[in-house]
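Below, subunit A partners subunit B and then partners subunit C, in two separate complexes.
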Partner chain A sequence: MRILLRLLNAAILLYLLAPIFVVMATAFGASAYPLFPPEGLTLKWFHQFWSTPELRDALRISATLSATSTAFATIIGTFSALALVRYRLPGKTAISAVLLSPILFPAVVLALALLIALQRVGLTQTFTGLVAAHTLLITPFVVRLVMASLAEFDPSLEEAAQNLGAGWWRTFFRITLPLIRPGILAGAVFAFIMSFDELVVTLLLAGPELQTLPIRIFNYVQYSSDPTISAISTCLIAAWLAIGIPVYTRFLSVRHS
Partner chain B sequence: MPSWFSKPHRSFAPWALLGPNLLLLLLCMAGPLLLLARISFMGYEAGHGIIPAWQLANYKKFFFDPFYRGILWGTLLLGAEVTALCLVLGFPLAYALSRARGLKRAVLFFCILMPLLTSTVVRTFGWMILLGNNGFINHTLLRFHLIAAPLRLMYNVTGVLIALGEVLLPFMVLSIDTALLNINPSLYEAARNLGARDTRIFFRITLPLSLPGIVSGCVLVFTGTLSAFVTPTLIAGARFKVMSTIIYQQAMALLDWPFGAAIAFTMLIAILILFVASLRLTERRRSA
Partner chain C sequence: MAYLTLRKLKKTYGATVAVEDFDLSVEAGEFVALLGPSGCGKTTTLRMIAGFVPPTSGEIWIRGADVTALPAHRRNVGLVFQNYALFPHMTVRANIEFGLNAHHVDSAQADERVRSVLALVGLSSHEDRFPRELSGGQQQRVALARVLALKPDLLLFDEPLSNLDAKLRVQMRQEIRRLQREVGVTALFVTHDQEEAMTMADRIVVLDRGRIAQVGSPAEIYDRPQTRFVADFIGISNFFEGAPFPAAGRSLFRCTSGLEIGILPENAPGAAGVLAVRPEKIEFVSADAPHSLPGIIRQAMQLGSTMEYLIELGSGDRVIVHEQKRPRVTIRQTGEQVRITWHPADSVFLQS
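What follows is the complex of A and B.
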C-alpha cells in the first residue's frame, strides 16, 4: 500500500514537472524544432535569443516596464501595509480585502476593463498605461509581504524611539524601515517576477510598439515552433528560481499561517 | 497596538498612507470595472461602433444563442473536469507533503513551487512539445506499438484538460497540505489508542478535517480554469473555445466590446459567487 502510494506520487510529480523539464531539455537540442528527447548538444539557441533584435528589444521593454511598476508598487504597497498593521482603523479587514482583490479577478476581465477605460483617456498602447495596469496587479504582493514583515517585529522598539524623542520620520527611517527591509525586498522581488511574466493584460493593452517578452513568446509559440523559445524559457526559469525560491517560500508560509 | 501611531491627532495619517493605493484601485480597477459593467449593456453595430443605449441584447445573446451557450457549458464542464483531475492527483501528493519532514519536505515543496514560479506560457509550450502528433507521447506510444495511429492530444479538449490540470495542480496541493497540517496530531494518537485502523482513521479524521482545504483548492482550480486564457489558446487554438478566448476575440479581433464586456462581467459575477460561497462553507465548518 505504501509502495503503491509512493509510485503514484512519483508519477504525479513527473506529470507536474514534465513540461518544465522538456522545455529546458529542448533548449540544448540541435534539431531545428523543439524535439524531445533532444538530439545533439548545442548552445546556439541561447545565442539566437541574444542576437535576435526583436527579442532583445522585448527583453529591454519587459525589464523597464517591470522595474518601473515594481518601484511604484513597492512604495504604494509599503505605505498601505504600514497603515494596516500600525494603526487603528475602522473596517481594517474589509480594507485589506479590497487592497488584495486585484489578485482575485480574472486577468482577462481586468484586461478588457482597463482597455475600455484607458481608451477613454487615450492611454492604450502607451508605456504609462502599461505601468498603471502592472502596478495595480502587483501591489497586492508587496502589501502582503510587508504586512507580514511588520507583524513580526516588536512595536515597542518604535515606542522606545519615540520616548527618546525621535519624531515620526526619524523613527520610520532609523527603526521601522531597517527592520522591515527584508519584507520590502521580498515583496519587490516577487512583484517584479509577477510583472515580468504577466501576459494577458499586457497583450490587450500593449500594441505593436510595446511587445514584452511574454507577448513575443506567446506569438512565437502560436505560429511557429522554434527552440529559441526553449532557450528564453530556460533563462527565465533559472533566473526566477535563483531569486524567487527564498522569497516564495516566505510568501507561502505567510499566506498559510 | 503601539501608542505612537494611534494618537488621536494622528488619525489622518493611516488614510494618507492608504491614499495612493486607494487612488490606484479607484482609477485602475473600480472605475474600469464600472465602465465594463456599463458598456456590457450597450449595443454594437459593425461599421458604426458602440451604440450608447441601455439594452440586454448582449446577455440574451450569450445565454440563449446555442453557439455561445455551448461555450458557457463547455467552459463550466472543463472547469469541473480539471477540478476533478486536480483533486484526484492533488490529494495523494498533498498527503505525502504534509507527512514529510525536514529535507524530504523541502525537496517536495520545491518540486511543487517550481511550476508556480514558471510562467504559464512556458509550461504550456512544454505541453505542446509533448502532446503534438509527432510529440514525445505519441512518438513513444507508436514506437512500442501501443497504438496504431497517433492520438489526437492537441487542438482539442483532451489536451487542454491535460495541460490545465498540470498548470493548476500546485494550488490544489498547497491548499490541501495546509488543511492537513492544521489537523491536531493528538487526534490520530487518540484514534489509534482507541483501536481504530488506518482506513478508519483516514475516513473519519483525515478526510473530513481536510475538507476546508479541499473546498478552497477546488474553488481555486475551478475559477482558475474559468479564467484561463493562455493554455486553451495555445493548446486548442480555434478548435475549442472557452469564455476567456471568446472575450479576447470580441475585444481584439471583432472589436465588439459590449458583447465581450457582457461575457467578462458574467465570468466575474460567477467567480465572486464561488468565492463567497466557499468562504461561507469553510467558515461554517470551522464554527461547527
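What follows is the complex of A and C.
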C-alpha cells in the first residue's frame, strides 16, 4: 500500500515537473528546433535571446510594467485588506466581492471590458492604461494574502501601542506593518508573477510600442520554432525560483513559536 | 476632588446597556477592584477609562482634568492586558522603549528608566529576550514594566492573572500589590475572581448587569452585603425569604416556607425581604438554647480544614454550615439530628 502511494506520488510529480525539465533541457540543445533529449550542448539560444532587441525590450517593458503595477497593487491591496478586516464598513461583503472579482471573471471578458473602459478615457495603448489594467488584475491577490495575515494579528497589540502613547502613524509603522509584512511580501511576489505572466488582457490593450514578454513569446512561437523561447523560459524559471524559494521559506512556511 | 472620578458614566450598544449610572471616586494610591460576573460591564468601564471605548454619556476625570474626549494615546494611563499584548517582534527592552520613544523621552533617560523598571520586576537579565522566550509570569512582568516605565497617572489591569496557572496566580497577586505600593500608583483592577478582589483590593466595586451593586472594603462587602446579588456572588450565603412580623412583644421572621426565625438583626425593617447568613456564622447548639432551629444533616463534606454540612430544617429549608476542624470538635455524620443558631448581628437583612 505504502509503495503504491509512493509510486503515485512520483507519477504526479513527474507529470507536473517533466514539461519544465524538457523545456529547460531543450534550451541547451544545439539543434535548430527544440529536441528532447537535446543533441549537443550550446548557450547560443541564451545569446540569441539577449541579442534580439525586441525580446530585450519586451523584458524591460514587462519588468517595468509588473513592478509599477505591483507597487500600486501592494499599497491599494494592503489598505483595502486593513479596511475590510478592521473596520465595520457598510456593505463590507459587497466591497470584498468587488475587490476579489477580477479573479473570478474570465480573462477575455475582463479584457474586453477594460478595452471599452480605457477607450473612453483614451488610455488604450498607453503604459498608464496597462498599469491600471494590471493593477486591477493583481490587487485581489494582495488583498487575499494580507487579509489572511491580518486574521492572525491580535488587535490588542494596536491598542497596547496606543495605550503606550503611540498615535496612528507610529502604531501602523512600528507595530501593524512589521507584523503583517510576510503577508504583504507574499502578496507582492504573487502579484508580480501574475502581472509578468499576463497575456490575454495585455494583448488587447497594448499597442505596438508596448509588446510585453508574453506577447513577444506568443508571436515568436507562431513564426519560428528555434529553442530561443526555451532559453527565455529557463531564465524565467530560474528567476522565479531565486525569488520564490527564499520568500516561501522565510515568510510563508508554517512557523512554530 | 478625588484622584480619579467617574461621573454618571454610561455606555449603550444599540438597545443594550453595557454600563449605566457609574459613579466612582478613587483616591490617590488606592487599589480598587472592579468585580463582577462576565458581561457585568467591568471591562467596558476599564476600556472607557483607557480611551478605547467612547462613553455614551458621563465624564471621566483624572487628576482634576476631564479626559473624557481625549484619545487613548494622549491619556497617561497604563493598561496591562489580559493576554499581555507584548509586541512579538520586539525584545523586552524594545517593548519598554516603545512607549518611552512615543513620549519623546531622551535616550539617556529612557535607558535609565528601562533599567530601573526591569530591576523593579526582577527581569534585568532578560532584556534581550523576545516575548515568546519568556514564561507567562515573566511576560506579565514585562507588560507591567512596560507601562510603569511611563510613570502613568493611573494603572489599569484587565484580568491580568486569568492566563496563569493557579500557584503563579496567587504569587502574582502579592507581586502586583507590592509593585503598586512601591511605585505608589493608583490602580484599577478588573476581575471576575472574588478571591483575587478580596485579597488584593483596598476597595471593591461589585458590578451587576452594568450597574454598581456595592462599593466597600473587602470586609464590608463580605460581612455587610447590601443586595442579595452581592451576598450570593461573594462567598456563600444562606437565604431565608420572608417578612418580619411582631409577636408577643418581639419580632419574628416568618419565611415563605413556614419557618419562623427568632434571631433578627437589629435594623430589620417591617417590609418583606431576605435574611442572609454566612455558613461559618452558624453554630451547633444544644436543645435548650433559645431560638435554635432543629434539623437533620443530609450531607457532610470535607473541605480540607473545614467541614461543610448540608442541613435540612423541619420546614424543608436547606442550610449550609461550615465548621472549622479543631481539637475536641467532633465531625458529624449524615442523618444526625442537630440544632443550629447564629448571633443576630451575623445575619443581614436584605430588601428583595
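In the analysis below, the second predicted complex is superposed on the first by the 223 of 257 C-alpha atoms of A that agree within 3 Å, B and C clash if a C-alpha of one lies under 4 Å from a C-alpha of the other, contacts with A are read in each partner's own complex, and residues count from 1 in each chain.
We take it that contacts are C-beta pairs under 8 Å (C-beta built on N, C-alpha and C of every residue); 3 or more make two chains touch, one makes a residue touch a chain.
Here the structure is a predicted model, which means the values were calculated and not measured.
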{"item": "Fit or clash between subunit C and subunit B when superposed on subunit A", "value": "fit"}
{"item": "First, second, both or neither for A:P208, with subunit B first and subunit C second", "value": "neither"}
{"item": "Partner chain in contact with A:R170 - subunit B first, subunit C second, else both or neither", "value": "second"}
{"item": "Inter-chain angle, subunit B to subunit C through the CA centre of subunit A, in degrees rounded to a multiple of 10", "value": "100"}
{"item": "Which superposed partner A:P53 touches (first subunit B, second subunit C, both, neither)", "value": "neither"}
{"item": "Contacts of A:G91 with subunit B and subunit C, given as first, second, both or neither", "value": "neither"}
{"item": "Partner chain(s) touched by A:G40 [first = subunit B, second = subunit C, both, neither]", "value": "neither"}
{"item": "Which of subunit B and subunit C A:Q162 touches, first, second, both or neither", "value": "both"}
{"item": "First, second, both or neither for A:G122, with subunit B first and subunit C second", "value": "neither"}
{"item": "Touching partner for A:L82 - first (subunit B), second (subunit C), both, neither", "value": "first"}
{"item": "More subunit A residues in contact - subunit B or subunit C", "value": "B"}
{"item": "Overlay on chain A, subunit C to subunit B nearest C-alpha distance, Å", "value": "5"}
{"item": "Overlapping contact positions on subunit A, where the subunit C interface meets the subunit B interface", "value": "156, 159, 162, 171"}
{"item": "Residues of subunit A defined as touching subunit B within the complex", "value": "5-6, 8-9, 12-13, 15-23, 26, 34-37, 75-77, 79-80, 82-84, 86-89, 95, 98-99, 101-102, 104-118, 120, 132-133, 135-136, 139, 143, 155-156, 158-159, 162, 171, 193, 197, 199-200, 203-204, 214, 217-218, 221-222, 225, 229-230, 233, 236-237, 240-241, 244-245, 248-249, 252, 256"}
{"item": "Subunit A contact footprint on subunit B (complex, rising order)", "value": "1-6, 11, 13-15, 17-21, 24-25, 27-29, 31-33, 35-36, 39, 89, 92-93, 95-96, 108-130, 135-136, 163, 166, 169-170, 174, 178, 223, 226-227, 229-230, 233-234, 237, 244, 247-248, 251-252, 257, 260-261, 264-265, 267-268, 271, 275"}
{"item": "Residue numbers on subunit C that touch subunit A, as the complex places them", "value": "50-52, 71-74, 76-79, 81, 83, 85-89, 98-99, 102-103, 132, 146-147, 150"}
{"item": "Residue ranges of subunit A touching subunit C (in the complex, touch as defined)", "value": "154, 156-157, 159-167, 170-171, 174-175, 178-179, 257"}
